[in-house]
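In what comes next, chain A is part of two complexes: it sits with chain B in the first one and with chain C in the second one.
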Partner chain A sequence: MIISIASGKGGTGKTTVAVNLALTLMETESVYLLDCDVEEPNAHLFLRPRLEGSAKVTVPVPIVDEEQCNECGRCGETCAFNAILPLGKHVLTFHELCHGCGGCALLCPTGAIREEPLEIGVVEWGHAGSISHIHGRLKIGSPLAPPVVRAVKKHAQNRSLGAVSIIDAPPGTSCPVVASVSGSDFCLLVTEPTPFGLHDLTLAVDMVRELGVNFGVVINRAGLGNGGLVDYCRAENIPILARIPFDRKYAKCYAKGGRLIEEFPEIRKILQDLWHAVCVSAERV
Partner chain B sequence: MKIAVTAQDKNLDSEFDSRFGRCKYFAIVDLDTEECSFTQNEATIALGGAGVKSAQFLAGCGVSAVITGHVGPNASRALEAAGIKVFIMESGTVRDAIAAYKEGALTQVSGATTDSHTGLNT
Partner chain C sequence: MKELLVISGKGGTGKTTIVGAFAGLAKDSFPCETTVLADCDVDAADLHLILKPSVRRTNEFFGLKKATIDPAKCDNCGECAKVCRFDAIAMHEESIKIEPVSCEGCAVCFHICPSQAINMKDVIAGHWFVSDTIYGPLVHAKLGVAEENSGKLVMEVRREARRIAETRGSRLIICDGPPGVGCPVISSMSGVDLALIVTEPTIAGVHDMERLYTLANGFDVEVVVCINKYDLDYKISRDIREFCRTHDIDMVGRIPFDEEVVKALVKGEPIISPDLTSGKSESPAANATRQLWAEILNRLSL
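Up next, the complex of A and B:
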């Protein structure tokens, strides 16, 4: 079972839900926690895993031998990201724009283009108690997060059969989020009852519907704001699977890197109920 | 000799566009015949590398200089490789830009004058 935890808006509580759900489930399930927010992974701050290994993530980028170039220009025409620019026999490459599709090398009729791996990040793994923790870290300056996200998921893929995998996704609805949520059995959209939270939730709902992933909403900081969020969920027939109340003591615990379920039994109960609701929802499909 | 001006609309009295890669139009000016044609910039909707794509377009037009507001690192590299000089100005119309170029009143720059993605945020 793969559960991704996403949100439109940042800072709604994805990592809080992901980490505490993992800690709640570790008593009864084999749990994998995949932190796919590779631009700023933070689940490890709460789980404090012992790291056991790491692997580089690379994308293939083009290297051009201008001697062999026949100036056909196909490499430049095929690149959707303008990462290769043929100017006569002089061919410029922009590796930070390259998505590593290999199209230029494939289409080059003279074999003037070969590919070299460019390091864009790293996958690290380890354990926090019985929880298997895997996260990715995008190299500073590299703009290409999705291959690192996919590398995190690939590392877990064969090992986590029969386990519960919890994917902590990045905020937003862009490519790294799509890469994180794709292929999940269920997606929890964590939001807050504010106009901003609601606005970005609607974007996230459009995204998960497009991906065909079954989903439900978790309201964090419940009690804040207004009723717009609940009205929206009701009108769209979206199940609200859990409500985490707004309370300063939870924020304090989070801010010092604490684990909510260890300090507040009511949170453990909320997450146990959430897990049951997810299982029921997932089975209904 | 031909030069290009980045423009917000397609006539001589429209404001020049300070963005390079994602400018709305390119004015291509033939300084010998005084002819000026406007082309909509296809790179405004590029997924990435708009500056590179725009430089490629200008190289294909055979221009030897471009007048714009600022250029990012990738655009700068591509323009330099294509042998296109970069002149910058702050404000004015396309007509002003051409006149200032002819008077030699514009500053030529080498290298980037701004970070990547500036044109996406303005």
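Up next, the complex of A and C:
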């Protein structure tokens, strides 16, 4: 079972839910926690795993042998990302723009272009107690998050069969989020009862519907504000699977990197109930 | 004309709340000039919830083209599926299909197809808007769900904000930045005059601030830091101060946790109300934000 945890807006408590759900389930299940928020991976700050290995994530980028270039200009016409620019015999390459599609190397009639791996990030893995933790980290200055997300999921793919995999997705609804959430059995959308939380939830709902993933909502900081959120969920027929109350003591615990379920038994109870609700919802389809 | 970017790395640190307050403060500081506001969080734009704009102009945003197959021409040779590195092409029930969500638009399949059965089609990947608010013009955008190329849309928003600022002779553009350190952030950072990082005293906030600082450093952008909700954890706030000291970053503000901010947030209102002239009694967070604003103007020599 793969559960992804997403939210339209950042800072709603996605990582808190992911980490504490993993800690709650580790007693009864084999648990994988995948941190796919590769731009700002944070789950390890709370899990403090022992890292056991790492692998570079690379994109193949073109290297041009100007000796062999016959100035045809094909590579420049091919590249959809403006990452290669032939100026006579000088072919400029902009590796930070390259998506590694391989088009220029494939279509160069003289074979003047070969590809070399460019590091854009890293995948690291290890354990925190019985939880297997895998996270990706985008290299600073590299714009391409989705290949790093895919590398994290790929690393887990065969190892985590039969386990519960919890995916901490990045905020938003664009390509890195889609790469994280697609293929999940269930998606939890974490939100907060403010106009911002509601607005961004509606975007996240559009996304999961588009992906065809079954989903439910977790309200964090419940009690903070208005009922617009509940009305929206009711109108859209979206199940609210858990409510985590608003309390400054939780915020303090989070600030220090503490684990809520260890300090507050009521949170453990909420997350156990959440897990049951997820199982029931996932069964239903 | 100066461009100020407000960013935070992780979400929820209060970045948009601060930008919302700045909008009101800018009107106070430059009553006779236009300050242009730009929401560069094109994925989950929120600034409009505080600024309540009325949209004047809607523009379509075309991202990269996507590949489509003309079944009449396709003879199912499978060459395209071999070259696509994004697993977007596969055989489904005896015919080749392209999965639009996976297609990166590289067009390699288009170039390789022996039967010219593949077309690259423009897709509307989002919209951008020019709106009026009581604080000044706002340029904002909405990227379509599951779309990419947010960086390009951010550039579009910034270009329009600059154009408006130039025609109106503005002194300042305030940009609300996107989360993370990836492509949209990179696009919003290049060439700004000052980047204000809004962080919070949580270990996640510190971690993200450090990554963001490294990125900004690579772009040669001047960075200043402000801690929001600094009294949530004094020890971590001291660590942030220490980080700033050792990296020679100026700490330009500290905003306390304040129930009034939470109330404003729940109502979708700015923490500094538009009709409040300076000097009236305000909440502690609003006061601290006012000081922060003065410090920012100082930095920008405005």
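Observations on the structure shown:
One rule holds for everything that comes next: the second predicted complex is superposed on the first by the 285 of 285 C-alpha atoms of A that agree within 3 Å, B and C clash if a C-alpha of one lies under 4 Å from a C-alpha of the other, contacts with A are read in each partner's own complex, and residues count from 1 in each chain.
By our rule, a residue touches a chain if its C-beta (ideal position, glycine included) is under 8 Å from a C-beta of that chain, and two chains touch if they have at least 3 such contacts.
Since the structure is predicted, the reported quantities are computational estimates derived from the model, not experimental observations.
Of the two partner chains placed around the shared chain by superposition, neither chain B nor chain C is touched by A:Ala163. Shared-chain residue A:Phe94: touches chain B; no touch with chain C.
Residue contacts after overlaying the shared chain place A:Glu39 against chain C, while chain B stays out of touching range.
Of the two partner chains placed around the shared chain by superposition, chain B is the only one that A:Gly76 touches, whereas chain C remains out of contact.
Of the two partner chains placed around the shared chain by superposition, chain C is the only one that A:Gly8 touches, whereas chain B remains out of contact.
Put chain B and chain C next to each other and count what each touches on chain A; the higher total goes to C. Residue contacts after overlaying the shared chain place A:Asp206 against chain C, while chain B stays out of touching range.
Chain A uses residues 80-81 to touch chain B in one structure and chain C in the other. The residues of chain B lying in touch with chain A in their complex are 43, 46-50, 52-53, 55-56, 59, 74, 77-78, 81-82. Within the complex formed with chain A, the residues of chain C that make contact are 9-13, 16, 43-44, 46, 49, 64-65, 83, 85-86, 101, 104-108, 111-112, 143, 145-148, 150-151, 179-183, 185-186, 200-204, 207-208, 211, 214-215, 218, 232-233, 236, 257, 262, 265-268. Against chain B, the residues of chain A that register as touching in their complex are 76, 79-83, 85, 87, 90, 92, 94, 97. Every residue of chain A that touches chain C in the complex is listed here, in rising order: 8-12, 15, 39-40, 42, 45, 78, 80-81, 99-103, 106-107, 138, 140-146, 170-176, 178, 182, 193-196, 199-200, 203, 206-207, 210-211, 224-226, 248, 251-252, 254-257.
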